[in-house]
Amino acid sequence: MAGNEMWGGRFERRPISIMEEINTSVDFDKRLASEDIAASRAHAKMLAARGIIAEADAAAIARGLDQIEGEIQEGRFDFRRDLEDIHLNIESRLAAIIGPAAGRLHTARSRNDQVATDFRLWVRAASERAEAALTELQRALLDKAEAHAETIMPGLTHLQPAQPITFGHHCLAYVEMFSRDRSRFADARTRMNESPLGAAALAGTSFPIDRVMTARALGFAAPMRNSLDAVASRDFALEYLAAASIAAVHLSRLSEEIVLWVSPLLGFARLSDAYSTGSSIMPQKRNPDAAELIRAKAARVLGGFVALGSVMKGLALAYAKDLQEDKEPVFAAADALELSLAAMTGMVQDLEISRQALFRAAEIGHPTATDLADWMVRNLGKPFREAHRATGAIVKRAEELGVQLWEMPIPEMQKIEPALTEKVYEVLSLQASLNSRDSFGGTAPKRVREQIAFWRTRLS
Amino acid sequence: MAGNEMWGGRFERRPISIMEEINTSVDFDKRLASEDIAASRAHAKMLAARGIIAEADAAAIARGLDQIEGEIQEGRFDFRRDLEDIHLNIESRLAAIIGPAAGRLHTARSRNDQVATDFRLWVRAASERAEAALTELQRALLDKAEAHAETIMPGLTHLQPAQPITFGHHCLAYVEMFSRDRSRFADARTRMNESPLGAAALAGTSFPIDRVMTARALGFAAPMRNSLDAVASRDFALEYLAAASIAAVHLSRLSEEIVLWVSPLLGFARLSDAYSTGSSIMPQKRNPDAAELIRAKAARVLGGFVALGSVMKGLALAYAKDLQEDKEPVFAAADALELSLAAMTGMVQDLEISRQALFRAAEIGHPTATDLADWMVRNLGKPFREAHRATGAIVKRAEELGVQLWEMPIPEMQKIEPALTEKVYEVLSLQASLNSRDSFGGTAPKRVREQIAFWRTRLS
Amino acid sequence: MAGNEMWGGRFERRPISIMEEINTSVDFDKRLASEDIAASRAHAKMLAARGIIAEADAAAIARGLDQIEGEIQEGRFDFRRDLEDIHLNIESRLAAIIGPAAGRLHTARSRNDQVATDFRLWVRAASERAEAALTELQRALLDKAEAHAETIMPGLTHLQPAQPITFGHHCLAYVEMFSRDRSRFADARTRMNESPLGAAALAGTSFPIDRVMTARALGFAAPMRNSLDAVASRDFALEYLAAASIAAVHLSRLSEEIVLWVSPLLGFARLSDAYSTGSSIMPQKRNPDAAELIRAKAARVLGGFVALGSVMKGLALAYAKDLQEDKEPVFAAADALELSLAAMTGMVQDLEISRQALFRAAEIGHPTATDLADWMVRNLGKPFREAHRATGAIVKRAEELGVQLWEMPIPEMQKIEPALTEKVYEVLSLQASLNSRDSFGGTAPKRVREQIAFWRTRLS
Amino acid sequence: MAGNEMWGGRFERRPISIMEEINTSVDFDKRLASEDIAASRAHAKMLAARGIIAEADAAAIARGLDQIEGEIQEGRFDFRRDLEDIHLNIESRLAAIIGPAAGRLHTARSRNDQVATDFRLWVRAASERAEAALTELQRALLDKAEAHAETIMPGLTHLQPAQPITFGHHCLAYVEMFSRDRSRFADARTRMNESPLGAAALAGTSFPIDRVMTARALGFAAPMRNSLDAVASRDFALEYLAAASIAAVHLSRLSEEIVLWVSPLLGFARLSDAYSTGSSIMPQKRNPDAAELIRAKAARVLGGFVALGSVMKGLALAYAKDLQEDKEPVFAAADALELSLAAMTGMVQDLEISRQALFRAAEIGHPTATDLADWMVRNLGKPFREAHRATGAIVKRAEELGVQLWEMPIPEMQKIEPALTEKVYEVLSLQASLNSRDSFGGTAPKRVREQIAFWRTRLS
């Protein structure tokens, strides 16, 4: 049965080839096969329960769908482009297996509510997968944070050394970001968890269907309240793409840092052979390809949000074929995100940190200057801006002398700020600086351990 | 006090003009003025409560901030580009008013946590405004839906007449979309409602601050748990832009429909002079400019998400100046969204629907064909696909005869499907078709009234 | 030979599966197969000509490449994901066919310049295909314009009737747009037509290669002047995506119009069965699916520009693995564009215009109001704004009387503008209005025929 | 004269405030003031030349426009939001200055062709400014390249040291990119250089205008051939945004590198106080704010292309108010681009390179490994892949011994490849490696000087 036969008796001839080419979606929407079968099962069961179709027909349909599911899982299903999409492919095969009863499955249903249902199920599952994968990544980061709760590294702003922090503290910043990413997916999942099934083409149906029954069978919280909205809306897909974009941006930030850290120019960390690749011409290279690909894939996910957003913009209700362009950006984004999350989790676990290199780098750039300024505020009662100015002058002098702040002779410092005493050295070392930043959320190891404890209870 | 004086004593000369030009943000970040003052008030009060600064200084700071707030509200404040941003403008003015005590305000604070706090407060308020404006729009749509719960219009798919629906049903589809939009803003608002204040530059501070106190004073649920995350993250702004993009897309869809409806080519609706504009050369035009602008503005909001997403992609922690590019896309999106919501609410209220034109259009294109097919399924026990095929043939015949389906002589129909009886006419009229679509969420007026009642209780 | 064997002897174990998964590109970059073979042929020939490899080896390589090309064309080539990309797949197969001599092909070449060359060749060909397909579409539009050089339709602004125009004139507006699209692709093609081959990894090579020879063999105008630029730049791909985005936007505009025109609500045009598709539940529908898909695909192309733009943003030189994400957006955009162009050309040819429906619509909304105003300016010597105001009042009166402007009794008009005479009727009919707009580029049929003649000579 | 008075007499009451708010564009389109005046001058002169208006009126109009231009330049012009846009503001002021004759200026013209003309003139000038600024930047890079034609630095791929290159060679890669950027703007400028003026609202005019005369007066090559295309197309703005996006991406890449280079962690370069900014809390910081802002601004420009692309997508001809959203993305992009180009040119000139730091970094990571492999190919006749494998093993051994390749004892190397001789040391030093890469476009200083000479002749 060719696609145009599906459309009924009025059409005189087959669409020509370019139309088939542009119209066919089975190449990508076959990914909805199991959702389509699940929704058909629920629909057939409900039709029988409501007496709309015979129990025997429902049983035949269920049997046929089981067989099709098996054929697809085993790679034996022949997806035909001339049958346009996954829905018609399955329906056509069902007819071949069980005969005319297959035709009854389409009672009180349209491809419009069918595809909306299938796609929602798919996106819901993708959200769940993202949440689970984000949790795994958080765990990997938490382990790394625990191992490095006291590992000193340079805290950078503008890629300039600012203040010493711990590597654990740095890891925990990402645990926070990925936590919000998880909750964004969870919110999206809750919001989208309503069933379009039964909206039919756009207006509902005259058959005495039970939409609550099919909604429950498919794990939806309830049926959608408005049939036009049910077939015409894709904000659930846009919201998934937005959450995925933001998560991918977070992943890209960590990737950028890993690329920097493993560069021999910095040497802060090392990826094992498992997470490096080589070059065809430079055998000594250990390229962080996975980190680079994750960094780049964020752009693809972002492009997907733009694409679908622009597809939907200005689209009149109810259904339009433009909506067929909703799936590929989502599939591509889900693939990119899931691959990125898995690879990032592996990389974080794999990453071997060089405490020595980090410590040496933490000494660069007078990172305890703020501590000196704060000390003057606290101990000399100076307004912050004045202390700041004096500190700036002392740093400048240290640069001229080529020494670290903690190596500055006290007389040199007193030339600039006479009230300074030897006591000031207590805050000028990296460790002292670090320990002192013990405000809530700060980088002091005790605060870092507090954060770790917080997350341990939530991620176990 | 020029910007570079703020940076301390080490800088030898002023940045040259092109740097001032590229670096200055006060032209746009002055929109954060009231948030900046609120955060400074909370910070000063806390510093005094914790004994970090003297009560007298805190009082002077509070007094000075009050005065500055007054000056800004009255348009008397002199925003200076050479002072870079809103923070330094206010700080500089505070110093002029209260003298050196102003310098103590910056204790245990950095511009990094300051701007993160200000911007979060601004975006939180923008989310609240969006929620309120969406509610107003829902109410306008609900009123329109109630007035037109039984007004028949063509339900379109592919801009082709499909099945009759009611205009009220159509309005309610948008009530649903805007409801999800509201909940997206609410979720975003809850998620972002944590305080960065006290994270200082990136690592926390050694002063004994109380971040819970400032968080509460600013209406935040809690302080953020990680200081790096606090200064480096902008997912809250991205999430706002995503929610705004999706809402704007919904608005653009309604706009497209209004543009179509008020076109004299269709004549479905009319906007009063209050919501139409004229042409400089064609005096008879009533152009739906507002609808067109709303449709276009969705693109701008989308562009804002892309812009900020791409700014953040691959950005190493903690703070980088790239983050200064976070505000303009958000401000522009908020302006576009809020203007669009207000204008759309007015337009929906203003829109005068032509029942007659809608009814006439609803008769076009054999919109009860599905009803005929469904009747065959129900009454002749035919599989759906067969009924579909027979219906297609009858429609084709009706087209040849130039009659509506409900005008088709029964013998003509029986040539195609002999089992058809006069009973079939019961489902072929628009009203009958409409009434029959009474599945949950369907377009039958009783279902439409059910939806209205549901929303009335929630929007009152 | 597995991928990691390619990287040389230092790697101790195979990358684990997730790395293979994220790193593999052969699933999409196999589309570069023929370009890769062509570049390898040119490279091998040059190496032999310069005495860098033996003639016998070059001959063996050429033979092997011929065989591989055959295998690929006949679908017998086994693309292996564990061999990462198309380059290593071909190289590995070459080794299997001709033995160790295959290894010599990689002399003085790196995957970095290899992939840059292959991709440039592919994008260059895609540009040429786009130019050819745009020309075909222009021809179809030109034929349609010629057939309808005098067919009156409503010229719309804001979807409101403004002034009568001819359908031919409307078609020619698109001929202009697609002409600029063509020239954009041509400019891009000229600009990208320089050879990266010989840049090696990033710095050039110490082998005495002849880059001019390989450039010529591949149809490039010259070798690129800087080896870093050669391997690191992708502006050629971005420019292709930009040109494709703009062309796709033009296509989407025509699509929107076709969707409107073929809607039974307007009935301006009809697509045959060849370019319509049906609905599974509404047999009478003739859905302009192709037009809707083309409209939507513009968003996908736009998303591709965003994706690659954001991949490239902030990417340090020279090569980074992020660049592997350059191909999929381009391939997807080229597929979308080429399919859209072919389908649009077919649709334009297929489109059957209803002169009657267009004429009736052209009478709506007093479209000759401007003519009346212009007449007053010309014949009564009134300033434009005054004439405009009087015309507005006359239109308002005509609306009250329910008549067309050309049906307005002269006394009614004189109540508003006493100086009006019967002569004014000469400009109030649609045909008179149309004929009068004979400024260069105007819609008067003689001007339309002038445009047609211009394009005939250029498109034959 | 309020905006609605402009629209003629039919409108009964003024648009309410939210409409004024959303409809007003003068806040941003006042940037078109001088273009609007120039186009009006040309139009009035042509009208008089063609006898459509009296010479006296044309003279009055010219005088009035001169006065308005003066008022605007001197900041004395009162831009009124209730007059909507720049066109009505100027027209209204003209009427106040010269009286009713002002009304004649609008003869044979519409706001549709007026705004299309003004905006084209503006974008054309912006393209020219971009080309000039790009040329300046190329000159700055060329000077830097000349000063560092022999300065050795690590050539990086994947941010891993790959092969030594010169800093001059690196600079020249950007000279190439910016050269293509320039030619993109030039192509866009040529393509857009056609005059819409005289297209009137959409269909041309019945007045005997001379479009060639106004086109020439405004520096256009010719009038546009189709009046619908003239008022409805914005591909010229999209093309500008695309060229600007690509140029901004190139700028962002250089910015990313500058941020890296000036980080004290690498210390490759230093920006003077003129191009660094300080931190409010860390006085020792020298933040490359300008580089970071340029990096971020690329995202904004990209967002502008998306915004306008999505505005235009699916927009029916001819004019729609959506087109009013065309200007802000272009203005914002032009501002971002021009500021970025100026700041980058200054930074490049300002950048002080540390030869020592670059050289030390160039020694990291066995960057002459490829040279070793190539030597084996050339001197031992080994296939490339075999040489590659042996080199990998030698590098691994060098890492174990903690020595550079040029420090490896020959016996150690011979354990892996017995045929190696002392001769191999000739290619293992950085300088030797560099000099040897003398293929066309390679990094050998003589090739770098060749490139410099090429550009000197073209940029002088």
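Order of writing sets the labels: A, B, C and D. Residues in every chain begin at 1.
Please note the rule applied: contacts are C-beta pairs under 8 Å (C-beta built on N, C-alpha and C of every residue); 3 or more make two chains touch, one makes a residue touch a chain.
Predicted model, so just to flag it, every value in this text is computed and none were measured.
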item: Chain pair showing more contacts of the two, A-B and A-C; value: A-B
item: For chain A paired with chain C, centre-to-centre distance based on mean C-alpha positions, whole Å; value: 32
item: Length of the line joining the C-alpha centres of chain A and chain B, rounded to whole Å; value: 23
item: Interface hub residues of chain D, defined as touching at least two other chains; value: 6-11, 106, 156-159, 162-163, 200-201, 259-260, 278-284, 287-289, 292, 295, 298-299, 302, 305-306, 309-310, 313-314, 320-321, 370, 388-389, 391-392, 395
item: Overall pattern in which the protein chains touch one another (line/ring/star/complete/other); value: complete
item: Residues of chain B that touch chain C when the two form their complex; value: 154, 156-163, 259-260, 263-266, 278-289, 292, 306, 309-310, 313-314, 361, 364-366, 369-370, 373, 388-389, 391-392, 395, 399
item: Interfacial residue positions of chain C with respect to chain D in the complex; value: 6-11, 95, 100-108, 112, 155-159, 162-165, 169-170, 172-177, 180-181, 183-184, 187, 191, 198-209, 211-212, 223-230, 232-233, 235, 238-239, 242-243, 245-246, 249-250, 252-253, 255-257, 260, 295, 298-299, 302, 305-306, 309-310, 312-321, 370-371, 374, 377-378, 383-386, 388-393, 395-396, 427, 436-444, 447, 451, 454
item: List of chain B residues in touch with chain D within their complex; value: 3-4, 6-13, 15-16, 18-19, 21-23, 88, 106, 110-111, 200-201, 273-284, 287-290, 292-300, 302-311, 320-325, 328-329, 332, 339-340, 342-343, 346
